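Letters A, B and C name the chains as they come in the text, with residue numbers starting at 1 for each one.
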Amino acid sequence: MAELLQYLVTGVGIGCAYALTGSGLVVIYRVTRVVNFAQGSFAVLAALTVTTLLGAGLPHGLAEILAVLVAGLIGLLCGLVATGKPGTTPQTALIVTLGLGVLAYAVEILFWGDQPRSFAGLAGSTGGVQTHYLLIIGVTAVVLAATALLFARTDLGRALTATAADPYAARIVGIDVLRMGLLAFAVGGALGGLAGVLITPVQQVSFDSDVALVVNGFSAAILGNLTRPALTLAGGLLLGVVQALVGGYLSTSYQSEVALIFMLAVLVARAGRRGVLEAA
Amino acid sequence: MIEVEGLTVRYGVATALDEVSLEVRDGEMVALIGPNGAGKSTLVNTLFGILRPAAGRVTTTGRLALVPEGRHLFAPLTVDDNLRLGAWRDRKGRDTGPIYELLPELVPLRKRPAGRLSGGQQQMVALGRALMARPDVLVIDEMSLGLAPLVVETLAGHLRDRHAEGLAVLLIEQNARLALDLCSRAYVLEAGRVVAEGPSAELAGSAGVAAAYLGLEA
Amino acid sequence: MTERSERHDRVFWSSLFSSRQDGIRWWWIAGALIVSAVPLLLAPGQLTTFVLLGLSAMAVVGLSLLMGYAGQVSLGQASFTAIGAYTSGLLALHHTPPLLALLAAPIVAALAAAGVGVPILRLRGHQLAFATLALQLILLSVLGDADWAGGAVGLQGLPYLSIGGFELDADLDYAYLVLAGVLLVSLIAHRLVRSRVGRGLRALATGETAAEASGVPVGAYRLLVFAVSAAFAGLAGGIYSFFLGYLAPGSFPVLLSIEYVVMAVVGGLGSIGGALLGAALITVVVQLLTTLATQPGMPSYAPSVLSYAVYALLLIAVVLFVPKGIVPTLRRSS
């Protein structure tokens, strides 16, 4: 029983990182229609930045917050490269973000080497579970709630939603669509960065951890067709918990397949349904 | 307010507008009529800077707002949020209260998502959203399209009221009877060219326009 | 209509290996002759690069066809290289004649593609990109766990390829084998592009609904191109296994798939010449930089940093500023 609880809590904790990564993908996709392949790189870059800032003597907390802001800035730059040139289609932008993900490898190895890195999180354990997992869950809950409020309760959030819903109409009322896209990339970058910062104390990060993160984040988000934040959160938690249970009771070697098979199943099932609708 | 001189717009090799000139003066209500594909939407998109002219000049003074064809509301947002965004350029002018006084039909709808409204209600929201920008000139693209006559009459009444308060209007319509009825002057656009212009009464009396747009025998 | 297309099909298949049709241009022949002299001039280390370049080119010709004609992004082309390599490797280790093991590589890769293609080719754009990526990750994970495939260590001690008693045991032999492979693959791709399938797929690229309405069996053509492109990669994988003599899941990382995409995009999607140029250009540039980066005094991470940077910057620059890719752009301007 205690074992089950432990798996559930660690699963939810890891799932939070997927949900954050997935939410970043959703924010960017909704506003720009671009699936940001470099989403995992934000997490890796932020986590590696934390190691440097801590090494430079900054206290915990400050180092993590700064790293998340850096990730937001990197997100903004990625958005500028991927969508800044007029006439860039979402398909083209996807390939550009693929390139940016590879460019991140070069930067990461140059500054931090190719060995896995980690840093200390919240020490101790609560009720048989590492306390840090509770921190991950708490911070994720607060940040996702704040993001939801940003979209629902502020004019900036309304403008982001408006741009996502109808870019033409957004232009008509004077919303700068490109700037909204860049803002979305910045928010997406910060959410991705937060995922990396939170998860690294319990899961080492290396330059190529981004693939697993973006795949898990995408799997979480695909449940809500890349547009529904609540379903993305549900998807992330579900994946995290199932992975923890599979790893705990079956074998850790099947863990990574969980998200992949889930993603394929959702994609194929949805395409099948679309096919039926088209035929009807 | 709006002054268009010798405007030419091309899509690749196709010419959508060919040396079009027209004018909307202070406080004036002007109609632009013509069949589908005449270039009306091209003109709108050029006025609002979405398309670039190949030649000619567009000069506007004062604030311009658009009620676009197809209404283009922000479907997931509430009516109130749609209205607020109408004043996006003006951070301090986003109070929606005055609009509900002008368009009382919107009051019971204010918390409803715009995507769930009927066509007539949506057109009313689109009008309200454009008015939120407190424009000097209102450009309305195909206001009556697909709406019941009664709804169109309500909208037209609101337009007359705003016009009476000094708002200039460029009304782009396929429904020529409505347009000529509302406006003092009109232009007829066909295949990218202005083929007729003048006071509405005169145009309505001309044989060609009457036959082509009012369904009257020449 | 049907009679005509049947006749066309006969012409298509019978002309695959003949140069009777107008298709083969003189510069292709000249280019092939010049390139075939190259291996004789190369140093041993450079021969290895030449072979690997050719293997990439084979996979990239397939990918370019898929992306250019079926309009789809695949991030899993290296899966089929892996399937081909493991097919050849496993068969050869289980005492199948090496030539037979090599021939099985493209066939198994094509069958695998046809199998997964039925469900996943209904996906579009980013969905297909992620689906192909997921399939490759699953394949790598399965191979890494499978005892019959040697697990993470992979397969070792593969025999050399031998054809009719002649054993290919020198790098030069493989250079010419690869050259033959590239020629074969290019020829098939060329014919495929010129065929009814190619014309149908071009219509597809301009508008799916229109193509469907005009009677193009969209799904079947797309599946065919997917299988053919997988076969090309599979053949490359088969040759690879005999050339190196060992295989591991780590030989076919996701990054290899991305490299293929970079090569295809840089050269120009849907262009065979572009695929060959893209593969050659990127292999040579990366090789030059690696040589530079392994000079004494350079840090140990320099080669990987430089090669990642080259892939990334070339990809981004070409996608944004030469969106059709190098070869189609040059052809248009000349």
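Throughout what follows, a residue touches a chain if its C-beta (ideal position, glycine included) is under 8 Å from a C-beta of that chain, and two chains touch if they have at least 3 such contacts.
Please read these numbers as outputs of a predicted model, since none were measured by experiment.
Taken as a contact graph, the chains are arranged in an open line, each linked only to its neighbours along the path. With centres taken as mean C-alpha coordinates, the chain found closest to the middle of all protein C-alpha atoms is A. Comparing mean CA positions across the assembly, the chain most remote from chain A is B.
For this pair, chain A with chain B, the centres built from the Cα atoms lie 43 Å apart.
Rounded to a whole number, the gap between the C-alpha centres of chain B and chain C is 55 angstrom. Measuring from the averaged C-alpha position of chain A to that of chain C gives a distance of 32 Å.
Not a single residue in chain A touches at least two other chains. By the touch rule above, chain B contacts chain A in their complex via residues 48, 50, 66, 68, 72-77, 81, 84-86, 88-89, 94, 129, 133. Chain A meets chain B in the complex at residues 155, 158-159, 161-162, 165-166, 168-175.
Within the complex formed with chain C, the residues of chain A that make contact are 35, 37, 81, 85, 88, 90-92, 94-96, 98-103, 105-106, 109-110, 113-114, 208, 211, 215, 218, 222, 253, 256-257, 260-261, 263-264, 267-268, 271-272, 274-275. Residues of chain C that touch chain A in their complex: 73, 75, 119-120, 122-123, 125-127, 129-131, 133-135, 137-138, 141, 144-145, 254-255, 258, 261-262, 265, 301, 304-306, 308-309, 311-313, 315-316, 319-320, 323.
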